[in-house]
Amino acid sequence: MVPLEWYITLSTVIFIIGVIGFLIRRNIIIMLISIELMLNAVNLSLVAFSHYLQDLKGQILVIFVITVAAAEAAIGLAILVSLYRNKAVVHTDKITEMKG
Amino acid sequence: MNFNEIFGTFGLQSTSFLFQLLIVLVKIAVVIAITMLHVAYATYFERKVIGHMQVRVGPMRVGPHGLLQPIADGVKLFFKEDIIPSNADRTVFQIAPLVAVFATLSSLAVIPFYDIFYIANINVGILYIFAMSSLGAYSLIMSGWASNSKYSFLGGLRSTAQVVSYEIAMAFSLVSIMLMAGSMNLIEIVQAQQQYWYGMYLIPQFVAYIVFLIAMLAETNRTPFDLPEAESELVAGYFVEYSGMRFALFFLGEYIGMIVMSSLAVVCFWGGWTVPPILLKFIPQLAIVPGIVWFILKVYFHIFLFYWIRATLPRYRYDKLMALGWKILIPVALANLVVTSIIKYIY
Amino acid sequence: MTMEKYVLIPLLPLIGFCINIWFGRFYQEKAHWISILAVLGSFILSVITFIEVLQGKVINYDLYSWVISGNFKVSIGFLIDQLTAIMLIVVTSVSLLVHIYSVGYMHGDSGYYRFFSYLNLFTFSMLMLVTGNNLMQLYFGWEAVGLCSYFLIGYYFRKQSAADAGKKAFIVNRFGDFGFGIGVFMVFIYLETLHYTDIFANIHTLQGQTINILGFEIGLVTLIALLLFCGAIGKSAQLPLHVWLADAMEGPTPVSALIHAATMVTAGVFLVARFNPLFSMSETAMMVVALTGAITSLFAATIALVQNDIKRIIAYSTVSQLGYMFLACGVGAYGAGIFHLFTHAYFKALLFLGAGSVMHAMAGQLDIQKMGGLRKYMPITFWTFMIASVSIAGIPGLAGFFSKDEILWLAYNAGTVGRIVWVIGTIVAGLTAFYSFRIVFLTFFGKFKGTHEEEHHLHESPSSMTVPLMILAVGAISAGWVGIPPLLGGTNMIGHFLEPVLGHPHVHGTHAEEWMVIAISVVVALGGIFTAAVMYLWAPGIPQLLGRTFRSIYTVLWNKYYVDELYDYTIVRPTKWIGSRILVGVTDGKIIEGIVNGVPKLIAEFGERFRKLQTGFLQHYAMGMAFGLFVILSLVLIFVKQ
Amino acid sequence: MLPQIIFGYFAIVTIVLSLVIITRKNPVHSVLWMLVLFFHIAAIYLFLNAEFIAAVQVILYAGAVLVLFLFVIMMLNLKEELSSERFIGEWPIGVALGLSILLFIFFSIAKLAPGPLGKFTIELIQKETHTKAIGKVLYTEYILPFEVASLILLIAIVGAMVLAKKRT
């Protein structure tokens, strides 16, 4: 039997890799993929908890997370497309119009 | 003499893990072997059927009635030079046809060919097939993109959009089946159909069946929805840059996909390996025929349907295709789903 | 048809209002149908209800929980007892007649549908006021009728004086309602309920309690009663808040008849009568009510003597008659007060509508000195107006006589205060007869004093106006017959009818005394009429002579005792001064603007500094978030023990 | 022992895949590796007896979301992407921040105290089938959030169409 902590640790590591990816990549697409990575990490921990605590709530939450992730990806990519159409870049350091 | 005695002589117990593994491996081998053989002769069958429908005779030269033609084709493709375009993304280019074959072959794992012959019996069988068919879309998009050619790229984009769109309609048409059977397990779906005297969901769910048939054609990129490989516009679509064995793998994937889709149609709508109980009542002798025969007959009827449609229908325009999928099939499937749920709720 | 019937009584006019205000402009000239049908429905239901109440059925029913907040519970509910039944009849019948009258009077007006929808809204509000079974609903109706009154006084809102009069009515009423509101709060604070039945059941617990205000120990009952009476003073235009009613005559005449004579202004009397158990517990409060009523009635009657504006005279007459009703309530004769309210509604509405008919013929002319001899041009108006005047003057046999006589007789019986107010009431009776007939003589007798064009224009009003006049005339004659005292062979039906709610004061006077009271009032009334006839028919020079001789008195009366001017100097101008100098100049100009301008300046200053933090670079923000997570995690790890 | 070995395989593969995903220069490769990662995560779900979630993971993430990503990436200019810098200038700060958070979460995991057990034991779920068990909970207890989720999807559809539509 694999202990619960292993799953949580795995989930944490993937999550942090997602965080780092989000923080250091210039390309917005990779940043979005990093977000998906983080969401998957969270889903993993939720399913693990759900399994070990014998409660389906975690998995219900996973379904909602997947729903929101799909919506987030659709909107995010739509924003990206219109951004690319206007400025022809997908790099964050090129998009600093909101600079104070 | 049963399996236990045979294998017992080799020191294997029927309950042991290794024995179970062996059984599964044997089953997989059998299924793959038969499928490969089928694909080879399916091309022959197709050429013959279309030939006769167009008042030709089809391949006649190699072997009696051209029976060895598929072998000759195979040998030719196998020895042909494998060309990779210089600007292509090599790895992706090489993997793409493998994905195509892998996705369709692994779908076969959950198809119940006969009540005692199936590789895996899982509770989310239908979802598994959806998952694999969505994986299939990747082979198209990967090959289209990796070739670094505009024809194949356009073909890849088209086909992916088409497959993703029609998957929704197909899923909705099958949801009504799941609703009626109360299960996503394909074996249970077949068994559930036996409770009716007509023994198949085709009759109450004919709307879903029609939607499924159309979506099935689009999913496998067959005429009249073979736009990704529309010769007149895109040369050969996403696999225009492929040759030799990799080209053959795409063909393999397509023909296995046809088997998978036909099997799914048979399982979900035609009662799988069973015959209608009413028929058995009047002709009890039919019970002697093993179920696998019925299954194969039904599957081949559907494969014949594929060829028949290819021989008779012209190709669709792309925007019409998307309009058909989103504006007609999905609403019809949804309406059918609502009606089914209401009727199911009432009874 | 159990509760629906009672709900429908106020609801029908509300529905009419909604339909007319929303859709009225699509069928401008037909708007009256909906309004009249709605009020007719209410009237019929009211009559049915009245008959039920007559058979002894009293309804007290909570329809719907309106507000529930802590122990504060108020519902929309109906209390339909004898008092409410009488009020229902008064309100719906007068309202119905005024609606019909308005069809002719308002014909061709650009805001025709608006007028009718307001009338409907008013009827709804008034019915809510009288049918409510709790103070909150009364208060709701109270304010709603005030609002409608404002709408209708300022109906000709393009006319400056009308708009001003509307505002004046609203603001003056605020003073009264301020006290009323506090009274309601105090009732809730001390009794923890606003429902009449609960209030009256627990009211004895307040007996003897006192409250310290500015060093004076004041009886709680007296205080609450006087606070509630404050509201009544405002709404019923008693001294010193009477100033709005005369100005309210800027509104259309049907409005004056309905709101400022027959119904809304009597809400104060209704309030006092409804709370008679409370008022009866405090002698001080009773005395205040009685004296306020008596003084107001004398005060208003004297002003009415010299005015020339036909509607204003009737308005002051209304103030005077309302004073009469309060006088009655103050001496404990609530039944007599409500009886007078009942009869007054008909003859005063008749007077107003008659005046409206005259105005209609005179193309808006209001000055009675410029009229005369209208008798032969508009006979129906003349006869009905005559009946109303005879009725208000208190000539035996007509409505006004019985109710006025009842009040005077019960006042005569009510101790020292009663005797004082009886004397005042008798004088007022004479004055009333005088000024009523002054109008009649100046308007309908003698020669026409206007221009030729005006004379040519004179005509009888259309039937939609004269028919209500005639119906009201019947009321003005016969409304009093329900209260004929035993002495004159009657049974005082209305008094006995109202007795379960309002009680009946003990009468210890002899028959001889009662005959005397009647005789005095009749003689005084006839004297008033005779004097009016002498001064305005037979010797027209006398008024001028009197005016010159008693110039100072005449001027004071002509200027209505300078009350408006007094208010202008003591309240209006100081308020304006404070507003313009202190509030606008100092508070708004310096303090508020200083804050308003200073805060953004400060923010701009900070913003200039902090904007450097905004690099516009997405990852910098993301790193900020990650750092925040890091800080929170470290805090959690440090401070949260397992 | 076998479960631990299988878990070890999946753990190593998923972590390596994650690292690969965030470091690839070519976004298409990233997405394709992501696809592989999703299949592994789905396998972990199967391992945790969540077959329905595993199927949904593949169908939705692999079948829909990632295809969307691929579509978008393919329409962008890949040449420029391949020739430009991968990371932002301050990347060491980002890595340091991430690693410090990781460290702290490790400390927190040591304090993990699981709550009380629920009623959905593995036997119960297997008897009822996972899909049915989840469906019952989802459509009774969580029906309102479920409806709200559908609303979110609707808004996302409309929003994406409005944003990505060419203004002509």
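Order as written gives the chain letters A, B, C and D; numbering starts at 1 within each chain.
Following the convention adopted for this analysis, a residue touches a chain if its C-beta (ideal position, glycine included) is under 8 Å from a C-beta of that chain, and two chains touch if they have at least 3 such contacts.
Source: prediction; values computed, not measured.
Visitor: Shortest hop count from subunit B to subunit C along touching chains?
Guide: The fewest touching-chain steps linking subunit B to subunit C number 2.
Visitor: By the touch criterion stated at the start, how many steps lie between subunit A and subunit B on the shortest route?
Guide: Steps on the shortest route: 2.
Visitor: Using C-alpha centres only, name the chain that sits farthest from subunit B.
Guide: C
Visitor: If you average the CA atoms of subunit C and of subunit D, how many Å lie between those two points?
Guide: Whole-Å distance between the two chain centres: 73.
Visitor: Could you state the distance in Å from the CA-based centre of subunit B to that of subunit D?
Guide: So the centre of subunit B lies 29 Å away from the centre of subunit D.
Visitor: As a quick test, compute the distance in whole Å between the mean CA positions of subunit A and subunit D.
Guide: 7
Visitor: By residue number and range, which residues of subunit B touch two or more other chains?
Guide: In subunit B, no residue touches two or more other chains.
Visitor: List, in ascending order, every residue of subunit A touching at least 2 other chains.
Guide: As it turns out, subunit A has residues touching two or more other chains at 19, 23-24, 92-93.
Visitor: Can you list the residues of subunit D that touch 2 or more other chains?
Guide: Only 52, 56, 64, 88, 90, 93-94, 97-98, 101, 105 qualify.
Visitor: Graph of touching chains, which shape: line, ring, star, complete, other?
Guide: other
Visitor: Return all touching chain pairs.
Guide: A-C, A-D, B-D, C-D
Visitor: Per the contact definition, I'd like the list of subunit B residues that touch subunit D in the complex.
Guide: 89, 92, 122-124, 127-128, 130-131, 134-135, 137-138, 141-142, 145, 153, 157, 160-161, 164, 167, 183-185
Visitor: Okay, in this complex, where on subunit D does subunit C touch?
Guide: The contact residues of subunit D facing subunit C are 88, 90, 93-94, 97-98, 100-101, 104-105, 107-108, 111, 113.
Visitor: Where on subunit A does subunit C make contact in their complex?
Guide: These residues of subunit A touch subunit C: 19, 22-24, 28, 31, 92-93, 95-100.
Visitor: Using the touch definition from the top, list the residues of subunit D that touch subunit B in their complex.
Guide: Residue list for subunit D touching subunit B: 26, 28-29, 32, 35, 42, 51-52, 54-56, 58-59, 62-64, 67, 70-71, 74, 129-131.
Visitor: Can you list the residues on subunit C that touch subunit D in the complex?
Guide: Of all residues in subunit C, those touching subunit D are 619-620, 623, 626-627, 629-630, 633-634, 636-637, 642.
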